[in-house]
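Read through the structures below before going on.
The two complexes that follow have chain A in common; it is paired with chain B in the first and with chain C in the second.
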Partner chain A sequence: AAPGSVPGRSNRSAVPGPSPVGGTGARLAAGPEMHFGFQTVTEEERREKIYQVFENVAKKYDVMNDSMTLGIHRVWKDILVHKMNPCPGTLLLDVAGGTGDIAFRFINYVRSVRQRQLQRKLKHHQNLSWQEIFESYQKDEFNSLGDSQVVVCDINREMLKVGKQKAEHLGYSEGLSWVLGNAEELPFDDDKFDVYTIAFGIRNVTRIDLALQEAYRVLKPGGRFLCLEFSHVSNPLLSRLYDLYSFQVIPVLGEVIAGDWRSYQYLVESIRQFPPQEELKVMIEDAGFFKVDYENLNFGIVAIHSGFKL
Partner chain B sequence: QARRARGRRGGRQQQPGSASGSGSGSGLGSGSDSGSGSGSGSARPQPPEPSLLRFLVCPLSKRPLRYEEATNELINEELGIAYPIIDGIPNMVPEAARMTRQKAPAEGSERP
Partner chain C sequence: MWCLSGLFGSRVGPALYPLLRVVSKGNQQYPPLRALQASAVLRRASDEHKKEPLASSSQQHFDSPPAGHQPEQKPQGPHPSYTGQGGQESEDYESEEQLQHRILTAALEFVPEHGWTAEAIAEGAKTLGLSVAAAGMFRSDGSELILHFVSECNSKLSELLQKEQKLVQLGEAEKKPIDEFLRDAVEARLRMLIPYIEKWPQALSILLLPRNIPSSLNLLTSMIDDIWHYAGDQSTDFNWYTRRAVLTGIYNTTELVMMQDSSPGFEDTWRFLGNRVADAMAMSSTASQVQSTGEAVVQGLMGAAVTIKNLAGLNQRR
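And now, the complex of A and B:
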């Protein structure tokens, strides 16, 4: 990316938190500075370090999610898909969707909506011809998803591998595809998708403004942008408890379960560095989205931002 | 074991349409490997889902790509670059692309 051009960058350097430590002399030549958790690194280093983090944790990603959030992450993801409320025929792009959690939920959701659709159709038929009765027994196998499709895009090969294996293991194949791609430079054409989701991924994107612009580009007019991400807790008491849990418990869990406390240290630090709800809302609006709104879950530990391309 | 591996490979190549390799009727006992995913990795080309090919474009120029079955790559003729497909997953990052021509494409002017 061309250095020093985009306003989005200056937004992020104004994020509250520990200010970048000195030693800029040697680093200036290599590029603009950014944060990796609480460290200061160049853009290139940040991308590499983040890639490494997810390469290391990929296999234990789901287990760690369950332990760190005591399984609550499942509820958050369920809420995201319920908020999406997709109807059969929806085309979803799930970015940074690595292990497939959102994609699988999406498929389950449209499948059950489709089921109910078909059942209602059958119930309303008073006089079925033999032909129709015969067809209803065909089990409608080729349209159980109603032509819905989800494309999972992630930049990390290891995460995609885990996701693909999970899909095979759980029996998801129809309407699901996997692509290795960069959220800042999506390999998709304009105006293609009905919904774009990024769950717990945008925090790890180096140029959030570019990712938001790409999201806008690939969505159809009328399409919806949904972002599920850790955010800021405003309640001071809760904030202290949350910090305590984050910095004392999570890295330890990371070491015990995944053998990697450093990656989880990065994770909790990156949550603190990420823009709070209002700031992210402004960034989303800057990318061109309308009706941008957010919903706090668990007092702001997590927030769902939503916007529309009109 | 060697026979098993050969059977698996044969099954996959005979069914270009099924990226997840459900291995039916290849006659070499590969019916059991539907859950094994992309274990042994190297020279077994898994073509991408046909529906996916409809959406994919070059991330740099956003222009359509051509699927080349021989090398299992997605080729952007204009820029002369080819994106590999590894384990059935298209690798759509410019860093992974291979140049199909000798001279370098004008990358700087292509970026939006």
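And now, the complex of A and C:
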């Protein structure tokens, strides 16, 4: 089911070929034309180019995010985790989560929810002696994360490396796992995760429909799919300002800060090529999700799509 | 309201609905691929209930009367039913809603422990075999759980009143006088709160949030309406409003008294209720007395005015 009418995409015929990422399927074809920013390339070329883009930007990824979005990306990611509202015991899969932003926020959130839970429990147990309370700590009943875990999966080794270093630096140790994997073919078993998030990553996936199908597969029944991504601004005035900012300012920032304007040109172009909110919603529903909805942040500059595997 | 429609959807009983999924908000054309993709949870629900197998192979059927409900023969009554034959959209709408309905019902047993929160809903989802993330389908303040509970209680009350009415019609029971009827109905309804009484003040405060007021008010008025209907009220004048306002007042005040009542078996609350109902009855007779007195006084004044005019010679007729 090839999604519809985005400029630059052509109808695909099934061309079986060796998969570039070592997968089993004839699904990941080398074949026909796709867009890479405003250029037209084959699927395989697109994957390679995107891999190189992120390899180049990995070290300066966070700095660039802050300067391009003027720090607002932190708020967007916070809103995503608040919308998720995870309770302790949740198993999260963060795909294309390279530098770990969502993972760290998830851990913080779950930790504070767990704190409150434990405080409430202790209030009920105020008749316990201090000895008994101490013993319950030994039993590890009061573990600080409540068995929540996050698996950060990314296709790019460099991004994962940066993420791991950040985790060490910020002191996140428990509940985190780092896995190398392709969103179009996840190395996980079916029905495993409570929540699947992909923040600013689905734009770079070459076959979005495959990624959505994989998301559906690895989620438990009742599990939630959340996607945070740049989207289309409908307000015409804002759209013009946004275009101006994107095409004039961002590549320049890229050259000045990261020494690589091409990657940021790609980034800005890929945002324009990405399907708008409604189209993405239809694609998510096609993959089998129910109750699919989206929330625009900042008038559509960014949108959070949510769906449930029911 | 979605909760009412889900409720009545569950009452229609086990029927086989083709699961052709439709866009939740619009009426878009669906490519055949979607029809083949089975819903993970809803199919399992049909397995659990061991319903008859499905007819066509190209369509996915499901039927899932919620686990906690028996299919009821009760007629739909005045409420709109969303289970009509027309439109795949209404049928699909129902399936998600039925699932939500089931999750909320399952969540009710965790309310005494967790309160009316998303945590209780998450625990409820877990008992149904779903991931805890399914609680994300509902608003995070737990208001949907409370509204669900209230509407469940209201329908239980309706059933109760209807059963009693049937007994009276069959002649097996005496028709109760109005004040006793009202008192029993309100007491029965308030007794349904007893298992959740500790967390009920939290629920009341959430129901009073501006966002929830339309729905909670709707549920309240339809319940009061129901009670008066079964009490035999057929007024078509301003009395209709007065009666409902009075009963709403009685119900709300009794509920508040119940919140802080610590007497055994809530006797204080029932006594308070009895007094209020008696007051209301007395008030209505007082009102008519006042009216007739008022009329009499006015008549007297008119008579006095005519007499004075006569005496002053202003009423001359030649």
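Basically, the second predicted complex is superposed on the first by the 269 of 310 C-alpha atoms of A that agree within 3 Å, B and C clash if a C-alpha of one lies under 4 Å from a C-alpha of the other, contacts with A are read in each partner's own complex, and residues count from 1 in each chain.
Following the convention adopted for this analysis, a residue touches a chain if its C-beta (ideal position, glycine included) is under 8 Å from a C-beta of that chain, and two chains touch if they have at least 3 such contacts.
Computed from a prediction, not measured in an experiment: that's the story for all the values here.
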item	value
Partner chain in contact with A:Pro221 - chain B first, chain C second, else both or neither	second
First (chain B), second (chain C), both or neither touched by A:Val282	second
Which superposed partner A:Ser306 touches (first chain B, second chain C, both, neither)	second
Touching partner for A:Asp293 - first (chain B), second (chain C), both, neither	second
Chain C to chain A touching residues, read off their complex	21, 23-24, 28, 31, 33-34, 37, 39-42, 44, 96, 99, 118-119, 122, 125, 128-137, 140
Complex contacts: residues of chain A adjacent to chain C	1, 83-87, 89-90, 194-195, 219-224, 281-282, 285-286, 288, 290-293, 306, 308-310
Touch list for chain B against partner chain A, complex	20, 34-35, 37-38, 48-49, 51-52, 55-60, 62, 64, 83, 86-94, 96
Chain A to chain B touching residues, read off their complex	149, 151, 155, 157, 160-161, 164-165, 168-169, 173, 177-182, 185-190, 192
